[in-house]
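Note that chain A is present in both complexes that follow, paired respectively with chain B and with chain C.
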Partner chain A sequence: MSFRRHPVAGTMALVVIGYLWIPILAVAVNSLNKSSLMARWGGATAHWYSLAFHDANVRTGLVTTLEIALGSTALSLVIAVSGSLWWRRAPARARAIYDALVYARIVLPEVVFATALFFLFLKAHFPLGIVAIIIGHSVWNSAYAAVIIQARLIGLDPAIEEAAADLGATPWRVFRRVTLAALLPAIIASGLLTFTFSFDDVVTSYFLGGSSSSPLPIVLFGMIRFRITPEINSIGVMVMLFTVTLMCAAVAVFALVGSTGRGRRGAFAEFYGR
Partner chain B sequence: MTTPTARQTTVRLQGVEKRFGELVAVRSLDLDVTAGEFFSIIGPSGCGKTTTLRMIAGFERPTAGVIEITGRDVTALPPYRRPVNTVFQSYALFPHLDVVENVAFGLREARTPRAELRRRVMEAISLVQLDGRERAKPKQLSGGQQQRVALARALINRPDVLLLDEPLGALDLKLRKEMQTQLKDLQREVGITFVYVTHDQEEAFSMSDRVAVMDRGLLEQVGQPEEVYRQPATPFVADFVGIANRLSGRLRGSAPGDRYEIDIDGVGRRRAGGPPGLTSGDQVTVVIRPEDLHLEPAAAAPGAETPRAAVGTVLAAVVDVAFLGAHRTVRLSAGSLGHLVAVGRGQLAVAPEDKVTLSWADDDAWVVPAGPRS
Partner chain C sequence: MIAAPASRSGAEVAVRRPVNRPRVVRHLLLTPTAAWTLVFFVAPLALITVFSFGTENLVTFGINFGWTASNYGAFGSSLYLGTLLRSVALSAGTTLGCALLGFPLAYFITRQRPNVQRILLAGVIVPFWTSFLVRTYSWVNLLQNGGPVDNLAHGLTGHHLEVLYTPTSIAIGIVYSYLPLMVLPIYVALERVNPDLYDAAADLGARPWRQFRRVVLPLARPGLIAGIIIVGVPAMGEYVIPEILGGGKTLMIGNIIVNEYLDVGNYPFGSALAVSLMAVLMVVLFALRRVQPALEAR
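For the complex of A and B:
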């Protein structure tokens, strides 16, 4: 589409792209800005990055975030893999119900699950904190993982497990050497994805974190409520780079080895969906 | 080539039955497969042939009966403890493993020492002519190549029995014919007992030492291909293994030379071979293969307006002639006898609407009991 021929659509596109990217660009530029007022360019510095590195709140926040992301990824993968294996051999009606439950977890607003779990944990006297957040994140993360793993599972010949048993493999060996091994690309891809989703989550973490556990996004949220310092910019840039790297790795794994066949219901599109 | 010295039984099924809820997939099946034999089970879809194979492999447990392999009762053993290997219809290759690792799978499970494993894998790969493709993943192979990987993977464990479930079903016709020859050669070379399941009787005939015909869970007949073709035990077998011209009649009695005398409706009294044990008065079907019907132009007898058939022959009108290269197929209409089919070589000079006389030798007619078997 040439800009000359479609000036209105072209302008609109530029405005939208600018609207999306200029703030991110501003953050990146200001993370290197010597001027702490961020109103004009005061020369380049790495000072804010070093400040962020030495900020105790940011450090504990980062550790908390990583713990939550790892825990939620592990839990989601266990749920998604075992669920998908059941789903593969389940009767059609049961599969439809299972699918509906998976998609509901993706489609329904996060804040609904967060509030519901908040009240549930309160009633059950389950302490808010890291474990609560891990469970909360796994609600939607396990659904994303399930969609990706199922897409891979559909491309697998159901006879391969029989073939392995026929060749002398015990049920446990069949699972390890064939089922799990064949699913590995999908498991890695969905693991990277769920890790990223968990890493930058605010809503669920905010509801279920209680007073003691503050993951990085919540720490940042707290910081800007008092004063916006260029330190936040540098943290933002680092988080962004980290997240983008993971996402690229996930997409690459999935695209290279993950999908045999065409995947189900545009699982690939859902990949970026959230 | 290894020939079994004694005719040992490799696979024995005794009173085997399989039910899936209400459905009886296989009923009271007795079957003996001899060592080193190429044995085929044929029948239409849903006849129980695949279920039978899956019971031998151990994927299905029989509802009743005993399965023995080389004299050992394996009825209760899981697949991984049976001395059999399977080539699956879909090949079921492991998508995440390359050719070498697919073929080596069974040896790794058996903890074969590395040097021996390497040697045997390379042997198996060159046995199925896949040299040069060792590091390819199944996705990168053609259908025929995948089929050969599946074969090598199953053969490398030197099973007592190799089970093949329509392994050529997914290949195109030309490749199929090629693979049939290769399979037969391979079986002779390795000397392993093959149990082969297919719905294609021609394929089974071309490769097998013996053939079992199944229908609706019942074993109809076991025998050498020629025997099954020329001396079918039931009307179903007669139809399933080739085109059969069927004439109905009533059995009159026995004749010398293991023959029966039959009054064929609309034809007259003729003699034909048949299974022992038929009794006079039985309603029977006489089966004549298309290539055994002789066609002659029907000439009107002197003084008569229209031609008439002599006793024991059939007068028919040609409906159409199909040219099939090596031979041609003539479809005929024979009044109350219905439609018949004859096959002849090129010299057969008939055209549609010609009147012809059909005759056949007693040797080429075979009697089966009419109607379903009790």
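For the complex of A and C:
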């Protein structure tokens, strides 16, 4: 490690990584903390975990969240895969519009988007609830998925598909055995990523859930605002373990198969850096 | 998905003119994303833009179109203008904070051996995956009076921190949440740089500061600008962080929009606020695009 050659940057780097991890450690410690004020250590207890396990709101919230995450992931993948395949052969100007809309869906503050969609549903008398949330999540999630799938498509040489066609494969077979096969790691990785984003979302769900459906983040958000309890920490630890496991799976899939020919590290950075 | 419509409508045509079939397929591929984006993204944004010029009838709760700018006039009152300015300031300040903290980190990571790089990158990214809500909430425990950070400050200076539920705690929370989004694009930009360039600059007599300004910074620029956009733009509309760390006192524009929509129910005014936010952001994006035309080429 060339720490000695970059003492200033190195010290800052370690401090910053510490800054990123300390709140997570605090959550983990407080989830076991007997003191409910959470300012200092009051001895260990598993009480908050058992409280979380038996909380009916948390349970139904978790089920709702999983339904939403699965639904919006499936929708996002259909939109992103078909869109990316179109994008690959599209004329330059159409491509630019498509790119701008993908970019806008990622960058626009969620509050603005959620407000607008809420208003549309209100005017169209579309009922708020799980379906509305799934639609809302899929709008930005399909943009994230599109970025990852496109990165993979850029690295796919059309000559391979042409070769398959020359060797007598029907277009459907070429698509299934070459194009789709090559895209599969990107599809799996972006599916896991979008699942995680949906699983963690607050703003869109808050607007589009109405009074009937409360996914887990909304339940947690309510707890945080109105009755602070260490139960939040134990739920948080469990949610974190779950999403980290999913994301590690996403990275493993992406890293193992490689992406756009810039090696594993390139794939790794590209996956997040866009 | 692809075969069915082609065989239904284009079987005969396809034999004569094979060019025709890909066109059918192409339109089919475009349909889901085009329909979804137009109906659930472009249309709603257009709708709130139109309604932001309407007025709400207080008796019937109906909304009249009158092409009035009154919603934007109310926006000029000091309360809302102050909040918008505070949001802009917090967004600019936290973006700068992310850049100042993220740049050395990203640079340091690129100068390591591949294995070490991977570990350090995981150190940056893994926190980003974990529940955003719970991590933000954790700062309440850390910053509260009698909490660990306050104890440390009290021990060092003899004063309590008194930072929770102020703009400072909101800024800490925003920098904390968005930092990985700054580090990663800078890392991607610097990772492509041949390290010999740094050595060449040193051999030619450039001092460290000059090396940084003339070599590292220009090379990192595309990544830095990408980072500024993906941190600064969403941060300006942040809702959850000021809700939790602002304690309802120091609100940002996102909180007022949500409040107008979900609590007050004044949709035209809420829309005017949302459209104003969008307008501010578009100006920022266009300005940044002039700085970095190659941004889209990445």
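The working rule: the second predicted complex is superposed on the first by the 234 of 274 C-alpha atoms of A that agree within 3 Å, B and C clash if a C-alpha of one lies under 4 Å from a C-alpha of the other, contacts with A are read in each partner's own complex, and residues count from 1 in each chain.
In this text, a residue touches a chain if its C-beta (ideal position, glycine included) is under 8 Å from a C-beta of that chain, and two chains touch if they have at least 3 such contacts.
Please read all numbers here as calculations on a predicted model, not as lab measurements.
Name the chain, either chain B or chain C, that contacts more residues of chain A.
After superposing on chain A, more of chain A is contacted by C.
First (chain B), second (chain C), both or neither: which does A:239 touch?
In the superposed model, A:239 contacts chain C only, not chain B.
Report for A:168: first if it touches chain B alone, second if chain C alone, otherwise both or neither.
So A:168 only meets chain B here.
If you stack the two complexes on chain A, which partner ends up touching A:79: first (chain B), second (chain C), both, or neither?
It touches chain C, and chain B stays clear.
Of the two partner chains, chain B (first) and chain C (second), which one does A:105 touch, if any: first, second, both, or neither?
The answer is second: A:105 touches chain C but not chain B.
Just checking: does A:178 make contact with chain B only, chain C only, both, or neither of them? Give me first, second, both or neither.
Touch partner of A:178: chain B, not chain C.
So, A:70: does it touch chain B (first), chain C (second), both, or neither?
A:70 sits against neither chain B nor chain C.
Once the structures are superposed on A, label A:160 by its partner contacts, choosing first (chain B), second (chain C), both or neither.
Only chain B; A:160 stays clear of chain C.
Tell me which partner A:249 touches in the superposition: chain B (first), chain C (second), both or neither.
Neither chain B nor chain C is touched by A:249.
Kindly list the residues of chain A that each of chain B and chain C touches, one partner per complex.
None.
For the complex, which residues does chain B have touching chain A?
Its residues touching chain A are 57-59, 78-80, 84-86, 88, 90-97, 105-106, 109-110, 139, 153-154, 157.
Where on chain A does chain B make contact in their complex?
Touching chain B: residues 155-157, 159-160, 162-170, 173, 177-178, 181-182, 184-185, 260 of chain A.
Which positions of chain A touch chain C when the two form their complex?
Its residues touching chain C are 1-2, 5-6, 8-10, 12-13, 16-17, 19-24, 26-27, 30, 37-40, 78-80, 82-83, 85-86, 89-90, 96, 98-99, 101, 104-113, 115-120, 122-123, 135-136, 138-139, 142, 146, 171-172, 175, 196, 200, 202-203, 206-207, 217, 220-221, 224-225, 228, 232-233, 235-236, 239-240, 243-244, 247, 265-266, 268-270, 272-274.
In their shared complex, at which residues does chain C touch chain A?
1-3, 21-22, 26, 28-33, 36-37, 40-45, 47-48, 51, 101-102, 104-105, 107-109, 111-114, 116-118, 120-121, 123-127, 129-135, 137-142, 144, 146-148, 176, 179-180, 184-185, 187-188, 191, 223, 226, 229-230, 233-234, 236-240, 243-244, 254, 257-258, 261-262, 267, 270-271, 274, 277-278, 281, 285, 296, 298
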